[in-house]
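Structures for review follow.
Heads up, the next two complexes both have subunit A, just with different partners, subunit B and then subunit C.
This part shows the complex of A and B:
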């Protein structure tokens, strides 16, 4: 496969990196593979390993032959190593190495930094599979169940992607890290996953959609920043991962949108105008919009913590060294070195939220987070259009970035969703207005009853506008039993 | 029907603004503002690279318009304008190929629709200006030597080029050289006769069934078809520019419970070889069977006669019908269908049965007549049923 476009499916591990002629890495991956399959069987979707799922498998990195849809048993999914095609003559686009040829190997001085970035990225992938492993049992439709499993197998593939880079470019250290990626477990007291949001549970489908909208979107931002990397194999890996990540964004955005559609439809049919008429709305078996707002507040604020400290030397070093760029760096019009510029950052000063100009290099986490917030806002606007169109007087909003934070500038203070600073007592007294309450969780949990008839949907969610792979409404996306 | 323009549009209500299409487009035809992602009609060349990676399906809209919607109009949309009348599925963006397909599908008596469970086809990935280059990796005669019917099975290998097809789709080829008026030859369409994953599983090739056209004319001359003779004479290793794939409705249902009735003559068997091979490879536990009515002059002139003998009847119920069998009366597929009238009527009552007719023009008339008779004898209103089946993507005609 000289041009790296088509995928070699003959070996154990489908790949477009000519694994067949790289005995060392091939052996390392084949040694790792049984552990991965064991992990998938232990920690992958619980109770559905035998089901036939209508899945998309990437078969080429060429868009003309990109993916095939077919029924697959998940443990037999073709997890492979797929990198976007190499761009000849690619140059490093930013930092102190700007204009130099992109690296095909990791420069010695950046081994530690790249290792850490790849391990953190890799750790999130299996973590979300673990967090979501019980959801199949309460899927609101076979369509949604299939989308969940598609997300899961692709998160699995993203783990493979990072493991390949670790094993190929970091030798023994990389192999050890690859083993550890299978050893940690989401929420485990002794060996938790590395990032906080990936140790939270995903207890229900509303949380799942919120997670894929908000938290997977952090993954997208990180991948976009790493896709700019001067380390070319990482850049190519992330570019291909982004095409799959788009499906995860789709699942989250349309999942919440379909919940809103259903709620609006049920409210109108019942003649309910007040979105706060919780008792009557819940009697309809749909999710009330204020409860959805509280979910938004929770998932948005938890995800903001993933961006790290607003002012960060690590981020500056990663940029300056050409390892991690900004969101769509190649589309930005500036000097791509940032040595003399500043960036406005919201900071906490004497208990108040103030804006300060900070050296742009140090403010890269903040900048990525701002790009993230803008991306989220676009999705929220599209959700609001559903309510607008239905004539329901309610709009979802993103809470202030200082709300409910545990990491960074605002971890020291309490602020309400509008960004008003308050003392801990006042915040605690209002907590249930802003974050999901015990009642919310009980109610939503109560709604989570499986619907496994092809073409049928749970009471709280509307059918999708378009089927996966253009399939019609009654298509059996998951075959739970043999015919 | 191809006046105006087939404009590529993105559905703003379904799009999630993930940027995948803009990042994928090789010629920068896709752009966005804060509201929408849009396609510049002046730049888009219909290469379809953006279609498969789109996670939502929002990308795959093609409106027949008199004049193109501007970027500004598209930026302002909250939803797509009303969909113009006409078929929803796009067989081809290429006007020449679209016209050929429209003509071939006329016999069904209305806009064709794909079976509901069919996989989504990719169309128009390669055009005349930018064809996929394939190499001939097989070219064998599949009718007996010495008969007047010379049919070739030609395998085209695409190497590292992705050329995804589904069973029932066609590809376009243009014979080299120029015609009598000095213009490039017209495009010809040939049905793919292999399964979607290649002649053998996981090979990047496809096969065609091509009859060498060499017909004596009234004036005593021999008419030799330009394209078919070129194809049948190809040597191993020869390079062939391939256009397409084309066709978005004459596709097989993916439902393993679906029964498929396949009626054909001669090289009309090509798509059905693909259907059969697909089913055989799936080795499905589904309830559905294939039912083949295949007409030729003699067994020696029936393409793939040998391989057909080896297929199990549980997979394929076959009726091979001969019109020139020595010592036997002439028989045509429609008369054999009448003979199996009760079985066909039982099949047609099922909502999971799909019927396909493929062969020379005129075949559909005889088949229609037979089905009307069978219907009348078994209490089925065939004209009404055929319309309903067509609307549901269960009745397909492709004749040429």
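This part shows the complex of A and C:
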């Protein structure tokens, strides 16, 4: 087994970076640790700190077989520093340093840029834990509750991952940033998280699944781009985070899929053909598909804002300097410098949406967003298969990228989900057709009743096809009482 | 290229909004990305170009003249998470050197006028930085009397020019942080080389801002600060403002005609003659009657200001400005007396301060200035400052044959002895007589008198005196010679000679802007094909010639 693949659980902080022989960083992390635990107790899952949760913990960073499952109290979870194994002789794969050996230390000239990228990435990790902290109380099953907590502890570990990089490679500034990551709070008026979507609430489980499908997927795209970085420790960190992130995508995608399955099943059993027959469908205690579409519209558009401006100098700088690549840069077949190529970008010109060829370097946010949309579309297609199989005449679609935007080209205009530009009055008049209504929210909130009997599921969601760690259907994923 | 127009009014603003609430006004920056002055760049993130600053300058003027009730102005951004990203870099990358220099000069004059309003007009400017304030955006904040920074753990102030753009925080940023905000110089060094800037407590500790305020207390604290400042103001709450009505201007191929000011261009000779006319009659009988845009000192100042700005921006090849006046010196002096008698009035104070700033603008204009003092001219009091601002003044001795007007005369008023200090803090006469302080007193003793050529020469008030026999030839040769010199050498020489004596923050700002920034703007490291300004936004790193100069 290559060096650094096994995790050292002997010290306070599990790691595969030989923390034991790095006194400075060890001390910094041990100083930061109590604050983290305080943060987890204050802002982590509300009401379940004593519950025994069947969680996976990494024991090795070997992509096959890295996890071990067991019951854990969340505050005792083994958060640690895990990096994908070092690839000997790794070269920078893109930008002006292409072909040079990957950096093992931060080059001084890119210090600010790397710091900014790591802080922004780091800030999203605890943010989602904060956003989701009340959901345990309305979990539709112990299985789902366990998945929520698994996502939560892993987001906590992702925070550790960024904090390690900040503390190891950015000295005093890095330690200050690490402290600030614990001080900001999602949605707080005075100390909000850095990005808009991470200050929205996640009020119910439908939102949670949408969030993990759409917003965690933005995290995945960002991690994929950073995994290409010429700064090797960042690349290795992100590569390992991606293995965890895959589970978050799974939770989101199967969560929505199970809602759809349940709705289709209930509609068929009741002989309802029209997906828009809201009153009758809701009387069955399931989520009607048009309401689901409105949730899709909301979460997709909020998440697109996370990609920043379509045409961006920062993105260009980060690429050219070898700090942040494209999605799957190593699989792309071009010169990996992009100095002379262009990329088509949708822009807003005199109130109309037009396509323009923009220098490819400046269009990297747009490119990553396009890759993201394609990735989302795959999941949406799988959802639609469920309805097709069930014979329900409804299909979910992703709204146009100009719909409901606050950042970038389209923040200045209003467009409907098909991308037709309209004035603010017309948009407002139709808003309730496109985005979750007060009624939708009331109805969905009403469905959110906890189900905490092992093997039982709420009325609005189908059971999963297979259990976690291949456990049987009645398995008690969370032991609430006998802690 | 179309003419850059310095006249605007709030109804036409594309980038700013004014809000009024009693003694507090808010000026909101909301730059329209699509409304740049030129093609080829977008004004993203509240970045600015000259067009944005022209509106700002207009807003400052209107706040002073049209709003006597306003004692505090809150400058803030209407955009979320960004205060102002500074001068637009793509615009700078594309602009000619001349445009960049003019742009920086004008923006600096505008920032100085904010400082002047706080210091002298009883209108205290408070900056509410709600979002990132970078580069020129932070400089704008620093031109205010105090800076509040929202403490949302992301908003920061920065001067990232050196690491990011290979130029200086050049509109006075460097000088203002050390001289005005008194930031310790080693901290300033750290601050100016840190791209992401400084936020929160450290920003206060380093004196980069005055106060950080949590978002929940933000609006209330701004209002509190503004109310405190407004309460200290001596401006009359109940007074009615004076509307700055549109100037009457007629542009032709050969010049511009205003009410009291004309510009006549002689392109072949590379010069423009700027003539200012005296008021047609005596000053108004009462202060009340004076309060209008038609009050001669105000109208003439607005016209001359516009004329100078027009020449700077649109007529770069006219390197020589011939300054003339015409009309009754007695009426000019009568108006000066009126300005002196009512100097305690808010409006008259504004008019005097306006002339002060206008004359500074003329001092700062990189054109050769020659004043011709001829029969029929009225270089008296306030208008005599034009002769003192000039690099040379030439006076005709006696009368011309067939001209029955009295011989040319200069006249002085009390306003020449304190109302219009230059950037270096000196009156133009004190600067003129820097090596002979007694000459100031000698001139002062002649306040009100018609000082003809012989005496003017003896008092040292003019450079040269010629009688009719020599006048035409001497003047022609002098102007032709001037126009033949290197414009760069002239600009440098004139700027050196105009500002004698002490340095002030203002002279340091303009001097260093001229010396350092304009040098850097010429260097390949900034503007060459692989320079930072040229490559900004492409993602490609600049490559520098590392040799120190």
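As a convention for this text, the second predicted complex is superposed on the first by the 477 of 483 C-alpha atoms of A that agree within 3 Å, B and C clash if a C-alpha of one lies under 4 Å from a C-alpha of the other, contacts with A are read in each partner's own complex, and residues count from 1 in each chain.
Quick note on the criterion: contacts are C-beta pairs under 8 Å (C-beta built on N, C-alpha and C of every residue); 3 or more make two chains touch, one makes a residue touch a chain.
Computed from a prediction, not measured in an experiment: that's the story for all the values here.
S.K.: Once the shared chain is lined up, is A:243 touching subunit B (first), subunit C (second), both, or neither of them?
M.R.: A:243: touches subunit B, not subunit C.
S.K.: Once chain A of both complexes is superposed, is A:190 in touch with subunit B (first), subunit C (second), both, or neither?
M.R.: second
S.K.: A:320 contacts which: subunit B (first), subunit C (second), both, neither?
M.R.: second
S.K.: Looking at subunit A, does subunit C or subunit B touch more of its residues?
M.R.: Of the two chains, more subunit A residues are contacted by B.
S.K.: For subunit A, which residues belong to both interfaces, subunit B and subunit C?
M.R.: none
S.K.: If you look only at subunit A, which of its residues touch subunit B in the complex?
M.R.: 1-3, 5-6, 9-10, 60, 62-69, 239, 242-243, 246-247, 249-250, 253-254, 378-379, 382, 385, 465-466, 469-472, 475, 482-483
S.K.: Name, in rising order, each residue of subunit C that touches subunit A in their complex.
M.R.: Listed in rising order, the residues are 34, 44, 151-154, 163, 194-196, 214-216, 536-541.
S.K.: For subunit A, which residues count as touching subunit C in their complex?
M.R.: Residue list for subunit A touching subunit C: 96, 112-113, 115-116, 180, 183-184, 189-192, 194, 309, 313, 315-321, 338-339, 350, 359, 361-362.
S.K.: Residue numbers of subunit B touching subunit A in their complex, please.
M.R.: Interface residues on subunit B, with respect to subunit A: 13-14, 16-20, 23-24, 34, 48-50, 52-58, 60, 78, 116-117, 119-120, 122, 125, 160-164, 202, 204, 256-257, 284-287.
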